[in-house]
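Everything below concerns the one structure shown next.
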Amino acid sequence: MDASEKITVGIVGASGYGGVQLVRLLLEHPQIEIAYLGGNQSAGKKFAELYPYLGHRFHHTIEPIDVETIAERCQVVFLSLPNGVGYKLAPQLLEKGCQVLDLSADYRFNDIKSYTAAYNVERDDEETMATAVYGLPELYREQVKTATLVGCPGCYPTASLLAIAPLLKQGLILPETVIIDAKSGTSGGGRKSKVNLLLAEADNTLSAYGVAGHRHTPEIEQICSHLAGVDIRVQFTPHLVPMVRGMLSTVYANLRDPGLVRDDLLTIYNAFYRSSDFVKIVPNGVYPQTKWTTGTNLCYIGVEVDPRTDRVIVMSAIDNLMKGQAAQAVQCMNLMLGWEETVGLPKLAFYP
Amino acid sequence: MDASEKITVGIVGASGYGGVQLVRLLLEHPQIEIAYLGGNQSAGKKFAELYPYLGHRFHHTIEPIDVETIAERCQVVFLSLPNGVGYKLAPQLLEKGCQVLDLSADYRFNDIKSYTAAYNVERDDEETMATAVYGLPELYREQVKTATLVGCPGCYPTASLLAIAPLLKQGLILPETVIIDAKSGTSGGGRKSKVNLLLAEADNTLSAYGVAGHRHTPEIEQICSHLAGVDIRVQFTPHLVPMVRGMLSTVYANLRDPGLVRDDLLTIYNAFYRSSDFVKIVPNGVYPQTKWTTGTNLCYIGVEVDPRTDRVIVMSAIDNLMKGQAAQAVQCMNLMLGWEETVGLPKLAFYP
Amino acid sequence: MDASEKITVGIVGASGYGGVQLVRLLLEHPQIEIAYLGGNQSAGKKFAELYPYLGHRFHHTIEPIDVETIAERCQVVFLSLPNGVGYKLAPQLLEKGCQVLDLSADYRFNDIKSYTAAYNVERDDEETMATAVYGLPELYREQVKTATLVGCPGCYPTASLLAIAPLLKQGLILPETVIIDAKSGTSGGGRKSKVNLLLAEADNTLSAYGVAGHRHTPEIEQICSHLAGVDIRVQFTPHLVPMVRGMLSTVYANLRDPGLVRDDLLTIYNAFYRSSDFVKIVPNGVYPQTKWTTGTNLCYIGVEVDPRTDRVIVMSAIDNLMKGQAAQAVQCMNLMLGWEETVGLPKLAFYP
Amino acid sequence: MDASEKITVGIVGASGYGGVQLVRLLLEHPQIEIAYLGGNQSAGKKFAELYPYLGHRFHHTIEPIDVETIAERCQVVFLSLPNGVGYKLAPQLLEKGCQVLDLSADYRFNDIKSYTAAYNVERDDEETMATAVYGLPELYREQVKTATLVGCPGCYPTASLLAIAPLLKQGLILPETVIIDAKSGTSGGGRKSKVNLLLAEADNTLSAYGVAGHRHTPEIEQICSHLAGVDIRVQFTPHLVPMVRGMLSTVYANLRDPGLVRDDLLTIYNAFYRSSDFVKIVPNGVYPQTKWTTGTNLCYIGVEVDPRTDRVIVMSAIDNLMKGQAAQAVQCMNLMLGWEETVGLPKLAFYP
């Protein structure tokens, strides 16, 4: 395939961490050409001013956000914008024939009320919303393949749902007992100047936040309920960990059948993810480390059963900016374009 | 009180992190004189060879472990040794009139069977064991005051028990629902050359360990059961966090009475710890950070109720080497000697 | 001395890291009472809103900056403000009888031209400036004792000057060969939301900044020239290191007399700092670590001679927020008030 | 090219960080097949026991070190062994027709005396030594292409020599003024259980080590002298920085011609490295960060001139385990095999 055949892609909201991951991934994607970078605040700046390490390799300038221009130049558009912005662009881009992947929360809900309750944004694009597919390929691969609009999940739902999906799908646990204790590196907070994300503040420390009220909860519950076929409420507690990248979800639930042992569950998990190249079930007695995923689209999952308490404990590790954000979006794009889902995506970390 | 009246103290096993915290704390304790440092491996070495930063201030040499010498010189003895060693020394020291604080697991159990099951050490000093007091002053202050032998709890039980004690003591939760998701800095692993504790391995990463089988579980359960008056099994999952010091326990439990709200629990916690100078309940909407405790004997506790799930979530933060180890031992010593429990202990961290 | 006899102190610009160190130090200073906290941006806020860990202990509210109020309530005033602000307040406070310690660059220069060249601020308070003493007690102790206005040096000049002063004072090196390669934790950048100080940006990385043009250079040169009695130009390169606190200056210079060996220099350094309780010369073959100084007012200095190159290499470690900022200011205050310079200051770190 | 045509490669000493980088790189190298992993201590173990994250992808077992076996199976052999071991294997492997890349110091010297002085190992393989090429392709590309034995430089010499080579080669500086202040992440210390490399010890701190006597000094001097055509002594000071990967060398030297300005030097550097794909000169006013190189074979170089002191300051950043070790060895292998030097090597980092 020569360069002229490459698919043209645009990134709107390119200046953040999601944007720079997309740029970095797409630069080495064999079938993609970056045709447009948009951002109102940084418009006119060279992308390499924001990320000087790319200066020798990438010479694009950030342009003002203009739907006409984008649609003219790009077949596929990634929206990497704050919540409540993308939904104003997506319908127009779709109408002009673009395929759209939104990295915000705007298209993760199939129900306007839940979205509005969590994000406090009034909108009336129910029709567009109804066409959006939840961009977690391991759970919705077939739907993603035929989608023109994908709402890509964030890091917490990705890690948590991959950990718990086999249990819910197979009805192995008591749904009301699900507790998700999640831990994230600070890059999840974005490239925004917030005092609490300064190294001086966030290093050498650990704390929970958004306890009992984090807005990823309804998103997780929506998908859990869909998987289980019944309404589910989960306990979700995010923590901020002194590291740049990486997320670990430790998920607890009571087994419906206390006779199940660890090996049974490992078998079930391996089967569930058999055709998912990016999910790796670690063997007996090994627990996943977030570092194993750094810079890759991998998710490592470890499973343990406590026969004393009849609980299953599942641990899932991802790179919050990759499988938890940009790389998963590229995985979705690959599927939407009819390619292997693994094309152009890093499959193995460097250690240590 | 002049120097000649100071109480003489010995530290056996002084070369580890517990030892150096004790040395550091006791050096600035107004009523203590360090009279002996013991350690078989480091015997003959100046302490400052191991910790050069103390070189200008502390000139003691580590001596071979010899009970006669210790008892002759010291009124109080801290045993900062690996599990399964201290119980060979303690009875002799007690017999010679020393007061003993053991920092290992050897005297944390009131039941030889539980100890042996967890630590795989056969012993027959049931009598001595029966006299030991569990060195968590906030729960056993009066007993500590009159003890001659104290088994000081480690960091995980300290953080977890302080978080959950008010709930169990007042019967506010369903005991079988207790889940403790705990996170620790790597200094908890000691000054031992283990590959997994190298900065190159342990930085930029996060993982669980000892899932469903960590040996602090029976210790936590013993005290929980004692507090609740019924046998309790808890789910305890420790995690290793890329930071030197600090521990956070996030504890989940179902409320017996779903009508309780956060403010009720804050009132209960404040009352429970009213006379405990080192436990601070943080107000509504604030969650504790481990960094607040660094270098101090403080424990910060935050409480949240989720009315959607009828669960209480309690977060407790300590410095694992201080309130979780050496400083708490000094707090116990203060009580054993009839002093204010706060004497000579750091009460406020530096931030950031 | 009872409470009514305590000296009243005010802190203007209390919300930053300098401010919170001052609050923390003065809270435990036996002879001080904090009587005023000022800050225009945070006026009206409780200090504990900014630093919740102090909530149980410190209940002051930040007030608008008003000279009358300050002078009425405070005998001593710390100005912890951005460069170019303090010089507008200091003259008025002095006139009303306050003793003033300025933590910015405003009173570090004895020459308006140098100040203006470096900080681009036009001012005409030459008279006040002439009365200011450079607040590095190890070099200007006697002057500080009688000062009413002290310009406290920042972290880079403190670490660098303490490392090099004995060499310059004794004429042991060729002045034009001085190179200072300095490394700082990121808290030196202050509690400001700058993208490059985010943990996500500043962790796992290292770089120089301000090469060949950092504005601490003229300040260092001014004092170096004063010590040497001749005009000196130094090469100064600061680096940002992924840690919260701590600063290391590695200083290189060619020895005038190549016959000098390490032991000679250790003798000279020990003699030079004999009456300086906060400076510790480490013995042969040991090099200082920044961690040894964390939370203290200590400076550790190591010295090495390379007989192959006739160079001396001096390494000095401090806590940038303590000896490099707030604690050193308190040390100066102690001297100004006729007290021991060590009163109320931390003298030993916790390790690790 | 189908699999049967791939070049077979062996790694002796595979269990360390050098080994795992080689495995990781060669696994994704399109023209290589890993045919042998050797190590006496880990013989019999699956490689994935040492590095579980590779478990799903790499199934090799570590074998005892046996020259016959290696030579039979492998065309190219990497020796990733401690200093003083490889020189016993290399001659035999060469004799049997293997191409050998040694990652230790054993073949970095062209002079047995210098090697023995630095490493205290007596040996008499002068003949083999004489055939070895110094594996820094940017300086010795043509020699590497025809070599059968390459002594790969470590991280400090690589970063330092790339920074200074253009200056020495062109005679732009006074050779006796060269000072190299180098800073390294702790992974450079290897996967060895050393107390000072524990996270608890090495995090939150910074110090120099090996001052005035580090054994990389003679290696750097050998190449510097070769480049300059005269004997050169450099001042080299390594520092340990609290991060896993990354190295920054800050190099100081006095310009021979004080008229040179920064832009002149940028031109010279760009020309010097014009055909070196892995060296990137950053433009005016930008300084390299180690993070830009993480997981890649890149070296970023920044140049500054201080007209006040007539000094040039050069900063070079590399990943110490990649360009500073394993990836550079693969770059050499590519050249030895007649391929593009960039084949199979990561060319762009992920940020942040």
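Per-chain numbering from 1; labels A, B, C and D assigned in written order.
Quick note on the criterion: a contact is a pair of C-beta atoms (placed from the backbone, for glycine too) under 8 Å apart; a residue touches a chain by one contact, two chains touch by 3 or more.
Please read all numbers here as calculations on a predicted model, not as lab measurements.
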| item | value |
| --- | --- |
| Rotational angle, Cα trace of subunit B fitted to subunit C, multiple of 5° | 180 |
| Comparison of A-C and C-D (more C-beta pairs in contact) | C-D |
| Centroid distance [mean C-alpha coordinates] between subunit D and subunit A, Å | 36 |
| Whole-Å gap separating subunit C and subunit D, where each centre is the average of the chain's CA atoms | 39 |
| Distance between the centres, which are taken as Cα means, of subunit C and subunit A, whole angstrom | 45 |
| Where subunit A touches two or more other chains at once, by residue number | 17, 187, 191, 198, 200-201, 203-204, 242-245, 289, 291, 294, 352 |
| Of subunit D, residues touching subunit C in the complex | 176, 179, 181, 183, 198, 200-201, 203-209, 211-213, 233, 235, 237, 239, 241-246, 248, 250, 252, 287-291, 294, 302, 304-306, 308-309, 311, 313, 315, 317, 352 |
| In the complex with subunit A, residue positions of subunit D that touch it | 17, 20-21, 24, 27-28, 51-57, 187, 191, 204, 244-245, 280, 282-283, 286, 289, 291-292, 294-295, 300, 321-322, 347-352 |
| Subunit D - residues contacting subunit B, complex | 17, 185-187, 189, 191-195, 197-204, 242-244 |
